[in-house]
């Protein structure tokens, strides 16, 4: 074990070196230093106990292949082996990103549901890309994610544990985030990553672990054998409709007790499905990332601003009457945008997302002189083509406005067409 | 040696009553005279409440504010020992500065003792005008103060020129702002508010749902009905002022 | 290790025939594991079974702590320096976004288990004890209880515990009351961080919806142990007002243990606490403490020295007050005497001088008895340049000299 002091030069495998400035933090595996690399500030993760040659080779291969998406704080350069160990260089994490664990303890909270959805979307997309590159993550946990509470942007860290599927990094993950078959000793793959993704998303939305209810908190001490039981062989979803022995407990699981009933039905249904006994036992049946993206997009579609309290709320498409989840008052929704199978409410201050990225493409606003008249503003880079009920064709350039009027058909792009209902 | 040797217990807790008095130019003449007269007359009543109360003794502190602000004494004094010095009216209404000054004294290093030896203070604000300084930043500081948060807060608006929105912000509710229109009513309300706040403020709470402030407001309200020229501020419907299309 | 605990009904509760809502527990087992617990049920009408809530909380805590001690990986404590951990809300206000370590996660699990088992116990109690308190309790609180949705308020209480094993110790707290510990040199501290939400008559509670995040605690595994640790409910705080008075009482207890052993102390506390409640705030009071009997003798003189130092600083404060008032009077006597303000302030200065000397005399008396306790009969009595008597002549002379 060698710690590095200020001014130490650490040589890189591909030539050049970094100079140690100061320690930024440390964990079980190693220390992260602030370093200088050709005049730029970077972070160096330095292992206290150097992992084996396979690990080194894999890390180097990951660096050569590059990051699957910009959600990853990906290794940029590996050091030569020296001073009995080695490390890798990555970009510095900006100040405005907070570890996911802080959100679980309610030390930090999302500025808005929009930010929460953006985080969910970015995580899904990150995992989709990771699997598309042929990797699996191995050690997914609440320490890997850093999130900006204002816009929901995500950085996934600790990417040295990313391995080609079917291989094992040798670094054991945390049981709480592992699929039951991995807790039992299996090798992580994209199916077990998908389970971990469901856990992470559940925790993102409800700030509670899906298996941590009455049974788990009855134990004064979480021993390894209890872990194997509660997260593996006897894992039981807290809201399992057939077995209510693991319900959340007042005073402990307040977040999920509050949010579960007011968040949308389809989110509840999806988690009940994903954490059912069948899915726990059949990894290949687990929901794929694309389906998660679609679900999150549809949740985002139902987010509106309550005209009474000004807070964000979900509306249930199936309900005739929409109630604000904050103030309980009824929310009138007169018009919708029909976009294929999606139905987007058009209410004042609602933002519209046409695709699965986190940039709104349009927003609804009231007319400055007549609040009863709603307008749609084009926030995209493209010019839309609108056809009025009487058949006139108009174009709506970026930043331009058009009225919310039933019967207008809009071509947002050659593949994306909708109609106001 | 026994446990009773050398150990000091506090037989009674302390409740401090704060008068925060506007002494700006517009208060000159009969208004300031009435305030002086009323406080002098209420002090013996507070002394009596204090003497008869097994739970707490009452201390008094007074802060006057015009262009600057000034404590009558640099520590709270027992009601029985508090000698009133007539205050004079001059110049501006620095209520923001007064809030900051009050906040600095609502602390262990200021006028307050340890929380376990105290009841929440009662604060009575008397004003006939509108602040001429940065009230909002002063109030913001005060609103972060734990003692202020727990305090019984009552304001007396003297005449129609008093800015009732400001007084409402100070007390946290328009219910605790009482308006008087004549000198007699002013004297009476000072007496009623000071006596009621002291009575309720210096008792152990019964941990019911109503706060001590609510109890004071309810009692003062009843009494106000019997005073000519005093009234409870009517609450303003704020929604009428908000932009529908903001 | 030795221990003691006692709780008594407040005088105000006796008067209206209300049961004691405090509960205390202490025990030292054959393995040298010591546990002390104090729980304080909330007094208000809404919390009409808080006496039961407090007892159940103490029982559940004792049971779960023992399981925790059996199952926790003791290596997690090894070498850990004294580490205080605040409630989550305090950490947010302090901008503390540090990661929890393994030990801290284990504590969170322990606290969760205590809350969860407490809920189980009060549910059982509510089911087996239908509402009988009808007359004393307002209808809306009866309804809250009988409707079945919210029973935890009925049983609401605070919780404080100190646990000491041969290799490490820890303490945790939710709500008001105070834990005070002393080291070998009689230095005292509140080892558990305070929660500012406990202020005046407000307290955090086991019945709060966010109770898990309201726990605050501390731990140490580097071989240092408090010599004696006290847990006292808020009734103790209220009886002493300023914290230094409470600490002084605990110092008295520690000294008494050193000189007369625990038996005398037990009797004294059992006799004294109800008296405190009677002349003081009339609240329920409870106390529990754990001490290392092997180290008390050695610490005894240090406890006296602490009292001497405290008394000395009080004497200094009074001296400053006296000198300040004399100065003030001198200044005022040169101002125009007809001013109302000057007259009033002169009178205050005079009173302050007289009161100051009375206080001074009491303090010097206390000081001398402490010096005697420490050094024996041939101690040198305390004296200083300010003296203990108000000397009118001398002051007049001084004024003349200055003039």
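Going by the order they are written in, the chains are A, B and C; count residues from 1 in each one.
Keep this in mind: a residue touches a chain if its C-beta (ideal position, glycine included) is under 8 Å from a C-beta of that chain, and two chains touch if they have at least 3 such contacts.
Only a predicted model underlies this, so the values are computations on that prediction, with no experimental measurement involved.
Colleague: Measuring between Cα centroids, what's the chain most distant from subunit C?
Modeller: So the chain farthest away from subunit C turns out to be A.
Colleague: Indicate, using Cα centroids, the chain positioned nearest the centre of all protein chains shown.
Modeller: Smallest offset from the overall C-alpha mean is found for C.
Colleague: On a C-alpha centroid basis, what's the spacing between subunit B and subunit C, in Å?
Modeller: 31
Colleague: Roughly how far is subunit A from subunit B, going centre to centre by Cα mean, in whole Å?
Modeller: Those two chain centres are 52 Å apart.
Colleague: Measuring from the mean C-alpha position of subunit A to the mean C-alpha position of subunit C, what distance in angstrom results?
Modeller: Centre-to-centre distance between subunit A and subunit C: 46 Å.
Colleague: What are the residue numbers in subunit C that touch two or more other chains?
Modeller: There are none in subunit C.
Colleague: Show me the residue ranges of subunit A that touch subunit C in the complex, using the header's touch definition.
Modeller: 98-99, 101-102, 105-108, 143, 214, 217-223, 249-252, 254
Colleague: Taking the complex as given, what residues does subunit C use to touch subunit B?
Modeller: 12, 42-47, 196, 199-202, 234, 237-243, 245, 248-249, 252-253, 255-256, 259-260, 265, 268-269, 272, 275-276, 279-281, 307, 340-341, 344, 347-348, 351, 366, 369-370
Colleague: Hey, which residues of subunit B end up touching subunit C in the complex?
Modeller: 1-11, 13, 55, 73, 81, 83, 85-86, 113-120, 146, 150, 204-209
Colleague: Mind listing the subunit C positions that touch subunit A in their complex?
Modeller: Subunit C reaches subunit A through residues 64-65, 67-68, 70-72, 88, 91-92, 97, 99-100, 105-106, 109-110, 112-117, 119, 152, 206-213.
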